[in-house]
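I am attaching a structure below and will ask some questions about it afterwards.
Chains here go by letter, A, B, C and D, matching the order in which they are written, and residues are numbered from 1 within each.
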Amino acid sequence: MSQYASLLIALPLFGAFFIPILKRISKSAVMPFLVLVTLIQTGIAAWVFNEVYITGKPIIIMAGGFRPPIGINLYIGHFAALFVLVIAVTSLLMTIFSFKAVSVEPKDKYAMLFLLLMLGATGMISTGDIFNLFVFMEITAISAYALIAYNKTGEASEAALKYIVLGGIGSSFFLVGVALIYGSLGTLNMAHIAQLAHLVNPTVAKAGLALLIFGLAVEAEQFPLNAWAPDAYQEAPHPVTAMFSAFVVKASLYAMGRVIYILSAVEGWSSILRLLIILGTLTVIIGEMSALRQNNVKRMFAYSSIAQVGLIAVGLALGTESGVSASVFHMFNHAIVKALMFLAVGYVAVELGGTEINKFEGLGKRMPVTAFAITVGAISIIGIPLFNIFWSKMQLILAALNAQYTWMVALILGASLVEATYYIRLIHTIWFKGEGEKVKESSVLALVMLLLVALIIVIGIYPEPFWNVMQKAGSDIFNVAQYIKNVPLMGVSP
Amino acid sequence: MNELALIVFAPLIAGALAWLIDIKGIREIIGVLGAAVPLGYAALLYQKVNGGLSFAINLGVFKLTFALNALNWFFLGIGALVGFAAILALVSTGRDSYEWLFALMSLSGVLGVFLANDLMTFFIFWEIMTFASFMMVLHYNKAASLKYFLLSVFGAYAMLIALGMIYAKLGTFDFAQIQQAMYKEAYAVAFKADTVFSKGESILIYLLFLIAFGVKAGMFPLHVWAPDAYSETNQSYAAMFSGVLSKTGVYGFIMLYLLMGTRLAIELGGFRSTTKFGYIIAFLGGLTIIVGGLLAALQEDIRKLFAYSSISQLGYILVGIGVGTALSMQAALFHALSHALFKGLFFLIVATIVYRTGKTTFADMGGLAEKMPFTFAMAFVAILSLAGIPPLVGFASKWVLFEAVISQNLPVLGGMVFFGSAIGFVYLIRFTYAVWFGQRPTDLDNVKDAPLSMAVAMAILALFNVILGIAPGLVARELNKIFGKEVIGGNLYVLDLGFGKYNALAILIYLIAGIVIAGIIYFMGAKARRVPVTDTYQSANPVTMDYNLTIRRNFFLPLKETLAFWLRISFDKLYHDIGAWIEDLAEVLRNYIYNGSVQSYAWYLAIILLILALWGV
Amino acid sequence: MNPYYFASIALILIGLYAILAKRNVLKMLVGLSIMETGVNLLLISVGYVSGRSAPILSEGITPDRAVDPIPQALVLTAIVIGVATTAMALSVVINLYEKYKTLNVEEIRRLRG
Amino acid sequence: MVKRIFAIVFILIIGFWMAKALDQVPFGQDRMLVGKYYLEHVKEETGAVNAVTAVVVNYRGFDTLGEVTVLFIASTGVAALLWRKKRKRTAKTEGSVVLTTGARLLLPFIMLFGVYIFIHGHLTPGGGFPGGATIATAFLFLYLAFTVYEVDHKIFEPLEGLAGVGYVTVGLIGLAIGGYFLFDWIWQTWGIGKENIGRLLSAGFIPIIYTLIGIKVGTELTGIVDNMIKEPEEGGQ
């Protein structure tokens, strides 16, 4: 029965392939079909979520019926179950937003690319095989290239070009890493690699791990490699940006975390981790500093999202279980908050025709619900208690201090001071500056925004149930021995 | 629900309700009820103070624990009382539900800080209080609120790092456990055994806590946010803001003493008769008194004057804490109470004046004594109490403080404290002269007296000022209960420090006698006749009413000229320049790194590969 | 140094050099596809076992006479991914040229800061 | 000029690093682990003679599913990005006589050869992708020869979608019958063609999948060629 979880991959694929046929039948049925598919996907994801969290055992999907490492297996553990649900729900909300936000013509192509972006992220999170991770990473990347350039303006093409060149280099070197790992171990299944990791020759292991992490770091927006991200976030259609910052980046972050911990038996492991922590801290600082004097609010949120991603990467690279669970909790919180804020900014851009800061003056009077959503999002990102990001940021900082990285924490807190500045300036511009006549806000989107705001406040006030889920998800990544035991490896005689 | 939880969360829930039900009448009632609950319970819990009442919520991520003991009951009393008075006054000056939500949220934050039993809860409610009070200031002025928020969050993050270091080494947040661990550390240091925290780390933790609590208490180098924040917010909220929220900084310093006092004392050694680390706090406190007092005298805006005076009064408390003996600690607590009372009263008076006249600078005020007699009476009580005139609580606490400082023969601190009280008197003359006496501008003729809600609030605080002034023994008994031993002797009306006595009742009797005699002379003897204002100043040459005779502007111009050199060094400008410099750095960094060309981005990738190649190989 | 490894690394580096040094966007994309070809060659050469032939088990070829089939399967996928990336890149460049009228990397810099 | 020198220096260092890493993976040594299992069990578990095809379709079927999706994204993306209201072919020079007659003559044979490649995927080298590419070259041949020839999107896109839907349905049938997604139910449960390994009708659902892939790749690559050749009208968006 549990093999039906493979519908998580089959359904969006079936939907995407079915759209060209559906387009022949009735052109206007494409978008509603998109909502239907994401709705069913959410249903399946919810079923998988409580299946995994009730039985406590991960679902292992063996494609083609062959046991790993012979066949490819999907490992839907605590983390994958949680985040597949996050992906499905965010995509559902963004399809609703796409009705209003996407006006550029070939909408059926947009729907196909939208579904495949969701598929790529879901695949990346649930796969249990390194090369399959590469394939799903490419699916996410290429559909992201297409979606970023979708608006067909000069700037959109420029942003997409940057992402293609950098993404191309990153994935090529990722493949070199896979070649090295396969060359020395002879297997591609993650659990099998984790089992045999100690047999790898030190130089190959170090180089392989470094290249794998380099490839993933380009997608996961670490400091110098994230130069494509601000442009891509700014130029992509609004629902795509929200999806991008909510889960596409998280998928590559998770992949990086998974690769780090399955190769933890490798000899040069701690030096690469320290490099990753330095990169992560630099990402936070440069991300926050660059957002300081932005007059395009969408680009400002892009930089802030990059900074939070850097914080998550630091959490992952700490090498302690509390660090990993804290970064998973931060991923979850950040996904909600950033989905809300990019939805709100997108909606403002759709209604008022642009995301420059002067469009936001007096927003409190013109679009009260959207202004309220942005304010709650901004306040929770700064890290104020009674909101959700506070708990995960606190856990991250305590975990970092536990791992004796006092200087890193001081720099990160300094950066979040900078973050507080530009968010407060935004809040002040929205509520206490400028005038404007009232704009009628669509009730559906208002409802979606209020739903997300309610979720933020609920997690902020009583984080206990969420934290238990996060700890299980964190140990799912960190505890590699358990991971190897869960995957039914066939004893392949060397 | 446990009483402690009710005390802490009642204002927050009331604030949220008031914000949701945005109807003019109901919102006020809910708000006042929300503020009354903590006051009521604080009184109720008086007997059960040492009953070890505690309450804990398990939030999964952290366990929030609250506990009641003699010390935080004392601070709880201050917070609840002045908080209730401020919320009562907010009824008339409150503009919209936004202010009700955040005023009550900050009250809830303060009470949470006082009742917290572990460092993490302390930090969480500290952040809630900072955020709520920031939102009150943001409502009025962005620059002031931004400066306030950044400095206080800077302090909060300093505390977070210290807290994190303690948690990393000791694995716990709980006050009691940390206290024991620090005692063990102290002995280990004494006998040169190996310790969990190195000397450098304990100094770092001390400095971080110093910054964190210094910011909140408005200590000298970190006080720049206070004048703007206190003046740029709803004036009745300012009463709570300066009266209660600054007490959290004081409470923090006392926590620092309780947790790490012995360790730091042994570690850093002594200085004259106090500990070195204590003397730093005391000296900075002394500087705060002088700077606060001098700047207060030179202010043109009534709100700014009281903001600076509030900072300088806090300097007294810091000196009391810094000296570090049991007597000086009790003096500091006593002065914390009296400061909250008379400063709260002063800000309520300012709120009434601003509410009624709409003016805030001295130049366009004057001669309000006839028009607002009740407020003037309240102001009179407050002035006496702040200046330290015997029958009121201000004198009692200042007297104990002076005794404490002198008995430890610390000449420099003693000098600062005395200078401070002199300066205190100076800016009070400025206030009374410019606002109450002198010639009333024509447009203030139809000014009415304080509205009922503000009058009641002021009356409550004035009453306490008088009662505790006459019977300081009430407070002394509570303070002794906190310290467990008889530090300040004497019964209800007499404070006996062993080397000095103060009989409040006797002085009151002499005062009443004096007033009676003065009254008799006034009515019977001298033919007192009303003298028109114009007569007193121009030595009898003809002058008309519309010419402004009273010196309301630049009252202390000579003082300003003498201090001109010192006034140029302003920490406010320093912080502003640092901020601007960081912003320019950010601008340069952003344009240099994200310069838009794909090739340079590809170069970044190549550089990272190079680093991997060189480091990884 | 085995010639196949040497060739594959050389191809990867030539591709990287083209991306780093060439000013025309199309040349960069050519460099990108050269790099992908180099990586595919590397994948294949990792799987080669000297003295054995293609893994098609018709008559005469027994399992111990065949080369490792997995890298060849991986390369099939990698080639298609290379094609997809290049196709996407070219269509983006077509749009870019239509709007910017230039292919010089230095001039494509409207999104910065 | 300095930039080029730096680039070369960087590249040499990176190259040296990768070479050092690769030295530890000696060339030509038999390090097969999972590969050995495939070679020994390919005949009885999948019935395919060509081990690579068996690995591509059966053992690692998920990769191929992903790969087909990647190509589908490429063709959709190209279509989405180059979409204009009115587009037409602007080729001026008609193909020479040799080219046009050659096209008419050779077209069926190229098509036939492409079909041959993906039908015999499980026996001879090459499979769905090379077969599909050959078919696409046939269409390209027509584009080169005739300036007016255009592929009709009304037919090609649904065909492409149909092939994709077919592939996923095959996987779902495997899920329904064998309990596992992409399970080779023809070979493993029904056991058809077990006896004639090496001949056409063998190797379970590999021929079916490769035919679907062949059609899909053919139509997609032709779609990409068509989108790239057409020029937008002046009034285009």
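Throughout what follows, contacts are C-beta pairs under 8 Å (C-beta built on N, C-alpha and C of every residue); 3 or more make two chains touch, one makes a residue touch a chain.
For reference, the UniProt names are C = Cation:proton antiporter.
Just so we're clear, the structure is a prediction, and the values are computed from it rather than from any experiment.
Colleague: After subunit A is dropped from the contact network, which chains belong to the same connected group?
Modeller: Excluding subunit A but keeping the rest fixed, the chains that touch end up as one piece.
Colleague: Any chains in contact with both subunit A and subunit B?
Modeller: Chains that touch both subunit A and subunit B, as defined above, are C, D.
Colleague: Looking only at C-beta pairs that count as contacts, which pair of chains has more of them, A-C or B-D?
Modeller: A-C
Colleague: Cα centroid separation between subunit A and subunit C (Cation:proton antiporter), in whole Å?
Modeller: Computed value for the inter-centroid distance: 27 Å.
Colleague: Distance from the CA centroid of subunit B to that of subunit D, rounded to the nearest Å?
Modeller: 74
Colleague: Need the CA-centroid distance for the pair subunit C (Cation:proton antiporter) / subunit D, whole Å please.
Modeller: A distance of 16 Å separates the two centres.
Colleague: Between subunit B and subunit C (Cation:proton antiporter), what is the gap in Å from one C-alpha centre to the other?
Modeller: Between these chains, centre-to-centre, one finds 68 Å.
Colleague: In subunit B, what residues contact two or more other chains?
Modeller: Where subunit B meets two or more other chains at a single residue, that happens at 590, 594, 596, 598, 602, 606-607, 609, 612, 616-617.
Colleague: Counting only residues that touch at least 2 other chains, which ones in subunit A make the list?
Modeller: Within subunit A, the residues that touch at least two other chains are 131, 135, 138, 142, 145-146, 149, 152, 161-162, 165, 169, 176, 180, 183, 188, 203, 206-207, 230-231, 290.
Colleague: Identify all positions of subunit D at which a residue touches two or more other chains, and write them in rising order.
Modeller: Within subunit D, residues 7, 10-11, 14, 17-18, 20, 22-23, 25, 32, 34-36, 38, 60, 63, 66-67, 70, 73-74, 77, 81 contact more than one other chain.
Colleague: Indicate which of the five shapes (line, ring, star, complete, other) describes how the chains touch one another.
Modeller: Here the contact pattern is complete, since every chain touches every other one.
Colleague: Would you mind writing out the residues of subunit D in touch with subunit A in their complex?
Modeller: By the definition above, subunit D touches subunit A via 17-18, 20-25, 31-38, 45, 58-63, 65-67, 69-70, 72-74, 76-77, 79-81, 83, 85, 154, 157-158, 160-162, 164-165, 167-169, 171-172, 174-175, 178-184, 188, 237.
Colleague: Please give the residue numbers of subunit A that touch subunit D in the complex, ascending.
Modeller: It is residues 3-4, 6, 9-10, 13-14, 16-21, 23-24, 61-66, 69-72, 74, 105-106, 109-110, 112-113, 116, 119, 123, 127, 129, 131-132, 135-136, 138-139, 142-143, 145-146, 149-150, 152, 176, 180, 183-189, 192, 201, 203-204, 206-208, 492, 494 of subunit A that touch subunit D.
Colleague: In the complex, go through subunit B and note every residue touching subunit A.
Modeller: Checking each residue of subunit B against subunit A gives 58-62, 120, 124-125, 127-128, 131, 138-139, 142, 145-146, 149-150, 153-154, 157, 160-161, 164-165, 167-168, 582-583, 585-587, 589-590, 593-594, 596, 598, 600-602, 604-605, 607-609, 611-612, 615-617.
Colleague: Which bits of subunit A are touching subunit B when the two form their complex?
Modeller: 161-162, 165-166, 169-170, 173, 203, 206-207, 210-211, 214, 217-218, 224-225, 227-228, 230-231, 268, 271-272, 275, 286, 289-290, 292-293, 329, 379, 383-386, 390-391, 394-395, 397-398, 400-402, 404, 406, 409-410, 413-414, 416-418, 420-421, 424-425, 427-428, 432, 462-468
Colleague: Which residues, counting only subunit B, touch subunit C (Cation:proton antiporter) once they are in their complex?
Modeller: Touch list, subunit B to subunit C (Cation:proton antiporter): 590-591, 594-599, 602-603, 606.
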